[in-house]
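Once you scroll down, you'll see the structures, which are given as structure tokens.
In the two complexes that follow, subunit A is the common piece, with subunit B as its partner first and subunit C second.
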Partner chain A sequence: MGTVLETRGVSKRFGGLLAVNEVDLQVEEGEIFAMIGPNGAGKTTMFNMIAGLYKPTSGQILFRGKSIYPIREFWRNYTPLLAGYYAVADRVRRGLGFGPMPLALRPHAVTTLGIARTFQNIRLFSFMSVLENVMVGEHCRMHAQVYDSLLRTPRAVSEERRVQERARDLLKFVGLERYSEEYARNLPYGHQRRLEIARALASGPRLLMLDEPAAGFNPQEKVELIQLIQQIRSQGVTIFLIEHDMKVVMEISQRIVVLDYGEKIAEGPPEQVRNDPRVVEAYLGKPA
Partner chain B sequence: MTARSQKPAPSSSPSVAARIRGTWSAGTRAFARGSRVPYIVLLLLLVAFPFIDGNQSHIGIAQDAGRWILLALGLNIVVGYAGLLDLGYAAFFAIGAYSYAMLASGQFNVHVPFWFLLLASAFIAALFGVILGAPTLRLRGDYLAIVTLGFGEIVPRVFRNSSKFTGGVNGIVGVDQPFIPKVFGFPGYHFLFNPVPYYYVILAVLVISILLIINLRNSRLGRAWMAIREDEVAAASTGINTVTTKLLAFALGASFSGFAGTYYSAYLFVVTPEAFSFQAVSIVVLIMIVLGGMGNITGVIVGALIIYALQSYVLVQLPGWLNSLQSSINLPFLQGVDLGSYAQDSKYLIFGIILVGIMLLRPQGLIPSAQRKVELELGTQDEAVADLRGSA
Partner chain C sequence: MRFFVDTLSLGITQGAVFALIALGYTLVYGIIELINFAHGDVFTIGAFIGLNLIALFGMQTWSPALLVPGLILLFAVTMALNGLLGMAIERVAYRPLRNAPRLAPLITAVGMSFFLEGVLYLVRGPNQIAYPNLFPSGSVSLGFASVGLTNLVIVAVTVVLMVGLHQFIQRTRVGRAMRATAQDRDAARLMGININRIIAITFFIGSALAAAGGIIYGFYNESISFDLGFRSGLIAFTAAVFGGIGNVVGASLGGFIIGLIIAFSTSYTSWGLQWADVIVFSILILVLVFRPTGLLGMRVPEK
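After this line comes the complex of A and B, so read on.
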């Protein structure tokens, strides 16, 4: 047991808007941790920073004690040629007074570290089959190089077979095995959400971040989703979710953090958060 | 296509419909899997073509069409698979052509063998693909198209203006012609101006290229390209290094036009910068793949053949056809109207109308890669009917 994810004073500013302000979080290994808050509270911004899509304006994000924005990692991930190009461009920019070259964010590196996510508005690869969607999820755990791909070497073939098998297992796990050859976009909404979870699991994460997984679900689907999340957790994956549905949140999470206007206003187990006057105020407004 | 799993058959008492469906799908599967035979027959026909048709100019046309197919297949990797709109593809073709012309001619009195440069120029073009790709990685869609367009315009201009190295406007004349050296008692063979050996070279390059591209399509890299095409943010969040993956698309796409370029300059015996303009190459190749069906190898080949035939046969012959038609039907109100010269003048208008017509009729391309989708939709409809019967 230990802390899987920690944020220290993380802030994000979009122009004049302070979307996230000095937020400290700690997600413990093996728990189901929920983040709630009114619309526009900065929850998804927080997710995007952890996933590497946005770079925090200030603060630190640590995954298992290590920063997810290490500069050295950045250089290693670039091809040597591109690193050279960036080095030259950086020098030119500094010379002309434009400041240093902005480092491109590397969400894939975060995923490779062991953080996988789903999106609030489902983002599947619509015109790829369900099976291929999950296989893409395994991309960062595969080793086939360009020449393997070009020449279809035995290594690539056996890896391909293994990955396909694992993708089928995952589809079975989320209950979509009979749709494996269907285009992702032809699936009903609820199945698409499940497929997104399967794709995220395919990268073998330690931390699974779910952005409003129950949005648009009927009560029956919500029950099934809760079961699925608990199954995932029982396999040793820590869950960090954003959710608007209080019933779902209160039922499954061990700890809840509440954001409002980019600030953390409460944190604790469900009962405590439910009765916190600041949380009630954030959701219902100040008593007159 | 990839090994496709079969749907689990209904376990209890298959109905007649289900049984027919089973036989049907088994048949289509067998066709899909065992359908190498038609391809082998086609290949044998292509190999035998110069023996069947003794007319050298026909073989010259066939090898030229083959070069266009090769270009279209290369661009298909960038545009069709990775979804990066590249309007400067002619640049890589030019780089391939000039790297052969400069390294195998009297220009610098260097004579590197054709066979070596055929491979090497693919690497040179790939390198330039990376050089173009690197600064454009942050761009998407329209912006990427503009930058590649610029690159496509710059490269031929550089070749034209650096006349010290490239012969300027006149280009490089007297490029080495390939020959097969004397080895193991083989007498050796010079290609000279005979199109037949060139035809076999391009056929071999095409067959190998198609096999490589099929492998790519069904590999880790091919899936990553498609994921980026579908949704770049999701692809990155799913663990795909979008930078290297996009660079590889540029590099591999460019390498095929490197082959084509070397081949082209060896065949023509001369390279000039005018041969690589936007309207002569980049846009034509793009039309080929859009019209044929982006992302589908068969579609791309068909598209390339149709556009090639349109451009170099139909539009060329059209004035003559119209003139003879006019004189044979001899309508009074057409007397004194020179239809042929009208057709000659409005060649590109006619070309455009044909393109618009085809795209209106088949916006997805002639042979789209979504054929599988149609098949699947038919499959599920089938199932729904069977379910209804079962419940009734």
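After this line comes the complex of A and C, so read on.
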């Protein structure tokens, strides 16, 4: 069991606001790891940085021991051919006094590495069918190029069939197979959340990041969600979630990290975090 | 009756060209919400590339047996070259402004349009240039009227391209990624879609279709000029808005309808020839006022 995801002193500054301040995290392989904290604590910002949407102001993010930031390591690890290009550009920039080449691993490449996520506000492709939404998730695992599609090469045809089959399996897994031809936006809210999870799983992640998966759920739906998350984990996917619902968090997570005003204030197993005076203070204002 | 059928076939044939251009407007608008004003000139350049290739290989003199595969190759090569041009335009004029305010790429689009037109003017001069028609001439008699073979071939080619595009968008990996990118760019990126690539491919497809439209225009009108794209581009843009910008089926339909409107107003009224553009752009204004989403548009404002 190794560390799947690690952040080292990651900070993010938006203008004058320090949204995330020097946060160190380690998500171990196969665990369910939760990040909690009051609104505005910087949780979603952390997610966005890990997913590659934001570039950290400073610090490093490592996925399975390899650095996602800065990009330099990425070139070295994943595209040796382009390392030369990067090195030249880097040297020219430094020579001209612009500092090191500020490249970031773009979000789609992060997904391809094996990190998938869902969103706090549902962001399905609303005018696509449920099945197609899941198939989009498989995009980065497919190989058909434009010319394959135009010429309908056997490779493209069989790949399309295989991907569709897998998408149907995933829909069955989250219990939405009945709705596969519906527009995503016509699904009830709870189903949309499940569909987002299926779509994220479609990219074949090692690490699944869930941003408030239980938001707006009734108790029954929460129980089903917990079961679903545990099933996903039992298939070998590490789960990293943000959640406000303490009952859900305490029930499923092995370890919890607490952020407040962008800083990590506590970390540990649920019982320990629950009784941590700083956590109680962050949530309730003063020691209870 | 004969006159009516002639007008109908004229309208549909011209409409086919407008539709092919309109598809490029609508594809690009659908994916990055940019009205690519340079698209009309990309269409002109497509026509010129086709003309140069025909001249280069002396295709006017080819025997009919050779001409069929020759024409397919001509279309394929011209479309590919023009597609690459479209991608290059996107790369230099639009991608650097991806995160700039919406107005900025619109301005560069207008600038790019003038630039391309200027280059064409410098290279080919201001005159009308003759274009050979390599499609079969002659006509098919229907008894009460006759239809030109060229018209039939043009409509057939156009319909094949449209159906192909529709299938591509609906059925394939890249088409699905295009739709996903159009609906939510950030979510698409986080699903592992390289949106820069998808946007480049969109420009490629739009410009390739415009090239097909350019060749067809040349074949049908038998002459082209450097500023062809200005008027055709604006009319095609009207067609795209009319059909519902961002909607591929709508653009095709809009192109044909606008072509028919122009044909019937010019043939059936004494003043139509001079007033055709007024009619078209009045339609644009009316559509924008009364049905901004167009005939088939169903884009909902999100965000």
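We adopt the following convention: the second predicted complex is superposed on the first by the 249 of 288 C-alpha atoms of A that agree within 3 Å, B and C clash if a C-alpha of one lies under 4 Å from a C-alpha of the other, contacts with A are read in each partner's own complex, and residues count from 1 in each chain.
The rule is simple: contacts are C-beta pairs under 8 Å (C-beta built on N, C-alpha and C of every residue); 3 or more make two chains touch, one makes a residue touch a chain.
These figures come from a predicted structure and were not determined experimentally.
Visitor: Specify the outcome, clash or fit, for subunit B and subunit C once both structures are aligned onto subunit A.
Guide: clash
Visitor: Look at A:243 in the shared chain and tell me whether it touches subunit B only, subunit C only, both, or neither; answer first, second, both or neither.
Guide: neither
Visitor: Check the contacts made with subunit A and report whether subunit B or subunit C touches more of its residues.
Guide: Comparing touch counts on subunit A for subunit B and subunit C gives B.
Visitor: Between subunit B and subunit C, whom does A:144 touch in the aligned arrangement: first, second, both, or neither?
Guide: both
Visitor: Please indicate which partner A:132 is in contact with in the superposed arrangement: first for subunit B, second for subunit C, both, or neither.
Guide: Both subunit B and subunit C are touched by A:132.
Visitor: Considering only touches as defined above, state whether A:123 meets subunit B (first), subunit C (second), both or neither.
Guide: Touch partners of A:123: subunit B and subunit C.
Visitor: Figure out whether A:178 sits in contact with subunit B (first) or subunit C (second), or with both, or with neither.
Guide: first
Visitor: Quick check on the output: what are the common subunit A residues between the subunit B footprint and the subunit C footprint?
Guide: Residues 51-53, 106-109, 111-112, 116-117, 119, 123-128, 132, 135-137, 139-142, 144, 146, 149-150, 156, 159-160, 199-200, 203, which sit in both footprints.
Visitor: Mind listing the subunit C positions that touch subunit A in their complex?
Guide: 164, 168, 171-177, 179-180, 183-184, 186-195, 201, 204, 298
Visitor: Hey, which residues of subunit A end up touching subunit B in the complex?
Guide: Answer in residue numbers: 51-53, 77-79, 81-82, 85, 104, 106-109, 111-112, 116-117, 119, 123-128, 131-132, 135-137, 139-142, 144, 146, 148-152, 156, 159-160, 168, 178, 180-183, 186, 199-200, 203.
Visitor: Which positions of subunit B touch subunit A when the two form their complex?
Guide: For this pair, the touching residues of subunit B are 4-5, 7-8, 130, 134-135, 137-138, 212, 215-216, 218-224, 226-227, 230-231, 233-244, 247-248, 252, 370, 373, 376-377, 380.
Visitor: Can you list the residues on subunit A that touch subunit C in the complex?
Guide: Residues 51-53, 106-109, 111-112, 116-117, 119, 123-128, 132, 135-137, 139-142, 144-146, 149-150, 156, 159-160, 163, 199-200, 203.
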